[in-house]
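Order of writing sets the labels: A, B, C, D and E. Residues in every chain begin at 1.
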Amino acid sequence: MQEIISRAKELLENGTVARVLGWKIGDLPYNPEPAYFETAKDLENFVYNGFCGANLSKYMIEASKLEGKTMICLKPCDSYSFNQLIKEHRVDRDKAYIVGVGCKGKLDIEKIKKAGIKGIESISGIEMTDAADTLEIKTIYGDKTMSYADAMLERCHVCKGKDHVIYDELIGESKDTKDAERFAEIEKIEAMSPEEKFEFFKAELSKCIRCNACRNVCPACSCRKCVFDSNKFDSAQKANVDSFEEKMFHIIRAFHVAGRCTDCGECSRVCPQGIPLHLFNRKFIKDINELYGEYQAGADAESKGPLTDFTFDDAEPSVVAERG
Amino acid sequence: MSVENQFKPKIVAFCCNWCSYAGADLAGSSRLTYPADVKIIRVPCSCRVNPMFILRAFEKGADGVIICGCHPGDCHYSTGNYYARRRMTLLFSMLDYIGIENGRTRVEWVSAAEGVKFSQTMNEFVDKIRSLGENVRLGDLRCKK
Amino acid sequence: MSSEKNCAQQIKEISGADPLKCMKCGKCSASCPSFNEMDIKPHQFVSYVANGDIEALVNSKSLYKCLSCFACLERCPRDVKPAKLIDAARQLVVRQRGKDYLTADEIPELLDEGLPQQLLVSAFRRYRR
Amino acid sequence: MKYSYYPGCTLRTKAKDLDDYARASAKALGFELEEIENWQCCGGVYPLGSDEIATKLSSVRALNEAKEKGQPLVTLCSACHHVIKRVNDDMKNVEDIRTRANNYMQLSEPYMGETEVLHFLEVLRDKVGFDKLKEKVVNPLTGVKIGAYYGCLLLRPGKLLQFDNPENPTIIEDFIRAIGAEPVVYPYRNECCGGYISLKEKDMAKNMCDKIMDSAKGFGADMLITACPLCLYNLNNSTTDKLPVYYFTELLAEALGVKEEGKDQ
Amino acid sequence: MQRVGVFVCHCGSNIAATVDVKRVVEAISNEPGVVHAEDYQYMCSEAGQALIAKAIKEKALTGIVVCSCSPRMHEATFRKAAERAGLNPYMVEIANIREHCSWIHKDIVEATEKAVILARAAIAKVNLNTPLKPGESRVTKRALVIGGGIAGIQTALDIADAGYEVDIVEKTPSIGGRMSQLDKTFPTLDCSACILTPKMVEAAAHEKINIYTYSEVDKVSGFVGDFTVDIRKKARSVDMDKCTGCGVCQEKCPSKKAPSEFNRGLGTRSAIYTPFAQAIPNVPVIDRENCIKFKTGKCGICAKVCQAGAIDYEQKDEIITEKYGAIVVATGFDTIKLDNYDEYAYSQSKDVITSLELERVMNAAGTTKGHLERLSDGKAPKDIVFIQCVGSRCADDRGKSYCSKICCMYTAKHAMLIRDKYPDVNVTVFYIDVRTPGKNFDEFYRRAVEQYGVNYIKGQVGKVIPQPDGSLLVQGVDLLDNKQILKQADMVVLATAIEPDPDVRKIATMLTASIDTNNFLTEAHAKLRPVESPTAGIFLSGVCQGPKDIPETVAQAGAAAVKAIGLLAKDKLLTNPCTAKADELLCNGCSACANVCPYGAISYEVKEVNDHGIREQRRVAVVNSALCQGCGACTVTCPSGAMDLQGFSNLQIISEVDAICQ
């Protein structure tokens, strides 16, 4: 973390960048938040630790409009989102100075809480420099421990790899934390009967409060104005009066980012209701991989996305019914 | 079973102007019947069909939605149906994934010369929807009169 | 008359053939190796079923002259399947009690030295229920 | 390579030669015919009626047994081949028959037409290969002019049997070439011999076989070969100056030099 | 909200018999926006149109809905009527209550209910219509004719005579097509060459006609009035400018075993060849597959003997790119392959031939110099059997479902010519029906029977049986006599079904012209627009549209020419105003729409926009409405809904969906 801060100071001082896009200390030990830093003094609040899950690439859309360059900190998986935004002409590569920061998996406070650890005062083992595999958590009820891996975000268990796909310089080591199959959850649902599937999603989606956190955090959901806010489809945001609304919203949201979603997992991370929203996006990714060939959005900034492309002998839609 | 009690499904058929709508016209001029439950909406090309339209139809109480376009390779706009094919495959797969009966959606390629196929397809589709019954899972009771 | 209609319907169902597809080209009769032995010719068979004239059919000796060699079925340009229609008519007859075309009593005198089992079982299948 | 093998009733009795020579030849060619257990007569003719289920079941039993062994099912007699292949097609493609037959059978897993049905000749053509067969020939039948007699059951309906071009087949001619002899092509080779009609209408069958014999002779054949015991019987009963008729397996065994072994069995 | 008028047509009894028209009027009268509703016997008639005009004026209508036949039938009619009454033509919507309703439903209650719903959907849509104005596009005053047979030649001549440039693209080395292979033509027995050759010469000499032989269409882009076409001139290996057509190369060519396409493979030709003596252009082609020089590198005799130095072994395919306002397809036909009809022994006996092969046998320039002889042994036949409908009128996939239309007449012609020239030859025709609809056609057929003694037998042939002595035994049936017939013959002629040239599917795909399952190009309307493809600017000439004989082909060729001329005569075309349009305030500038646009109609501009007070530079999509054809692919790709299609907008379609699902 110190290395990042020193480098940021240097870049600010020598005028390479006008500001730094990173994370600052939050009001609790586990909720750092995205922030701009314009001076060396600001950087005193800079933090980079196991709780800095937030993907900063989307902030670059606005930062691209600002005067001067912005130093942006991207974790390996964030860099995919950034690349995708370049492909879509949403961010200006020339306005960004990308510092690829090391990552050894990010933590999910909800998992810690679910483990029955409440009243947290401080957590150690979350710094990038810590080699510890165990989190030591001080709580008002006494000291607790939890293994780092058990507290990781779902997305880190299916990590895309420790390499950044775009950067200007790298600071810190990364670790591939993949220890689960990416599509295992999807396959489990696919194997359910239609009734079970329906009940599963009904239960999950009925929790949705349409707070739009998923939409706001999603780097692919970067429309100036969402169709659910505009009058173009007679779909402007309505109160959540029926179960269909969420289905429609989440299906369309997933469809609109299909072929563009890098599977960064931010939607699930920020959902205050804990809805596993990545299950929608990842289903599309799985289908795309199976039907049209392996595709990872954001792996490059040039290739055609699967929904703006085709082959003459693509599968027919009847494949859905045929595979049962 | 009396006619009144028979389930009358609501079925929306999106037909591309160049092939399938003309195919439906040919079915008409050849007097090839299919149930009146099917109502056709003319679109220029199958690639004009937005998933929003399909979900909207279900939201408003449709029991089945079918999209008809030119055969792959014969699209009036060269490539439109290829995009439609990918979009609809993914959308249908998603609907299936969340537990909507996959028989409620269908894509069929019908050329302007295939009046017989159009009529057959619609008969089959209506039969299928009748066997599935009313669309409860995607329907929005609020919107149904 | 209505029972004849019924029979015609039954023949269509058993055979899975549609006599209305026939365009009356006669290729079935032109192909049939048993043509000369038949009182009702293959192409007529198709018309008889289409017209519901079953009485004549079930009494026709053609039923037992057809070899089921499928030459008519193979060559029919309209996919009418005359051989299947004839077989269905034959079924209609032999399925009735006492209408077997071959009885066990007849067998001994029909046998000869080289006669293969296959001939007996085939004839049994075709000629009786 | 092992194949499940369905000999059929006649090959156990009057047409034992057809069977013996086939087994001996198979051994010489490096494949094995494994007779399925408890096979029952196929019925001799395919039950054409779409409502006839029970008469199709013996074929389904044989097919299912081959499926359980994971082997293709080989037949030799044209009639068995015709019946079993068509029943298999029904089980694969005709939903009504499939459902009803499976209801009767009560198998642990329903039979859906999974088994590949092959005639012995198809094994020679598609699995062994006529080129390979030619290499294995030790007594080529050089100079013998042979007319292939196909009859109807192997070929028609062409779309279902997928055996060869029903109007101008070549598989037996290719076979004849492979064993070193010279095929004689004559137009009546796919005309019916009279089939089961010869039981009650002997003259009709004779008449038909006369035409076949005359045609083959006219084109210069010295002998005819066939795969079907009934064809052989009928042809041998023709009234004209007859040509000798053999099972194709006999000539095969002879060409492969295993005829004696075939006889010993 | 519009002021909507609804006009319900009875279409005589076509609609009124199954739809309670009055009930429809009543049911929709209170729909939102509807201020006028009425029904009439024939809305498309002058009186009907007058009713519409009157209502537009009197009720100050801003939108109308006509409940009638398919919009593909009369949308244009009603748009024009509205325009004459001062209403923007794009404020008209059609509810298709005939093809999609009255004609396919029997129950009047059900059909009426559906008609009402279809009308409601159209009313909902028209409420959201906005007046649209078509743009203009230019017309390139040049036509392309694909195919150089009689259809293509006639079309080209007619267009050229009207003063427009025409290019003919022909894939074989010479123009002339199937007609050049024929000996005589029915029903007047003219010599085919005598009437065709002058037309070929005329086309070649016409200053407005440019002929590309041995060439194929490689690529087509653009749209009506402005097509861009790549023509591949295949390497001829002969310099067309230098060649004098002396023919020495063909004489000296040592490779003479190639089957002659022109003689249907009955004879052979040299590797360097012109297909026939009257070929146009009279410049040979080297068939590289059979040329010794190309196969082995040795030979080169043709180059040595060519005085003009025209042989060029190095020649490569050449791509010519040209612009056209109109394209006429005249790709013609071939006979089907007879692989599925081995019962007729075509592949087993040389003496079983197709009718087109018989033309080459009968022709003085053909393989037998016009002598009727058996191809197996050169002997004169004594008994000839013709078999009709070989591969035509089939319900299975062995043959074609349609009647090939020309066979009855050419068989009568062949029979008559043979009986005329060789009165001792017996001619028998096995037929299913003799179809002779055409002027002087039945009379012609009757002459064959009555004057020439041709033996017509009603019935098909089951099998042709080659005999050891080389003769043929024809096993057929006489249905009138109810007898099976065994007929001895020396020659059998098969009236083989015709099918569109196999390349036409590829061409149709390039042209985005619609094609049916038999590979015949579909016409815009089966009765009223028989020579136009539904794709604007594409016209159909000859058998590519359906089986036809020479007079019909020539007539259609002329008709296609007139349609093309009508297009070329215009300086500007009105473009379809139903094009895509981007809302720059919503556009993300992500390029997804441009990626799927088949016309390259979407570009991006960095523009200053004023988004509710925020002024900023944004990258936004801009649609070139002259290029946009209105497919709508972009609208669905756009996640924000910035891209919409005029005339088929998101809201319009949704309003229809809502009306139907109500």
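The working rule: a contact is a pair of C-beta atoms (placed from the backbone, for glycine too) under 8 Å apart; a residue touches a chain by one contact, two chains touch by 3 or more.
Computed from a predicted structure; not experimentally measured.
Touching chain A and chain E together: B. Ranking every chain by how far its Cα centroid lies from the centroid of chain C, the top place goes to A. Chain centres computed from CA atoms place D at the largest separation from chain B.
The greatest number of inter-chain C-beta pairs in contact is found between B-E.
With centres set at the average Cα position, the gap from chain C to chain E is 45 Å.
One simple way to say how far apart two chains are is to compare their mean CA positions; for chain C and chain D this gives 25 Å. Averaged Cα coordinates give chain A a centre that lies 73 Å from the centre of chain C.
We define each chain's centre as the mean of its Cα atoms; on that basis chain A and chain B are separated by 37 Å. Those residues of chain C in touch with two or more other chains are numbered 71. Chain contacts: chain D has residues 166-167 touching two or more partner chains.
For chain B, the set of residues that touch two or more other chains comprises 50-52, 56, 73, 79, 83, 87. Which chains touch which is summed up as A-B, A-E, B-E, C-D, C-E, D-E.
Per the touch definition, chain E reaches chain C in the complex via residues 343, 389, 393-396, 398-399, 432, 458-463, 475-477, 479, 482, 484. Touching chain E in their complex are the following residues of chain D: 165-168, 185, 187-188, 215, 218-220. Those residues of chain C lying in contact with chain D across their complex are 13-16, 33-34, 37, 64-65, 67-71, 73-74, 83-84, 87-88, 91, 101-102, 110, 114-127.
Contact residues on chain D toward chain C in their complex (touch as defined above): 8-10, 13-15, 41, 43-45, 47-52, 55, 77, 79, 152, 155-158, 166-167, 191-192, 194-201, 204, 208, 229-230, 232-233, 236. Those residues of chain C that touch chain E in the complex are listed here as 21, 23-32, 35-36, 41, 43-44, 71, 75-79.
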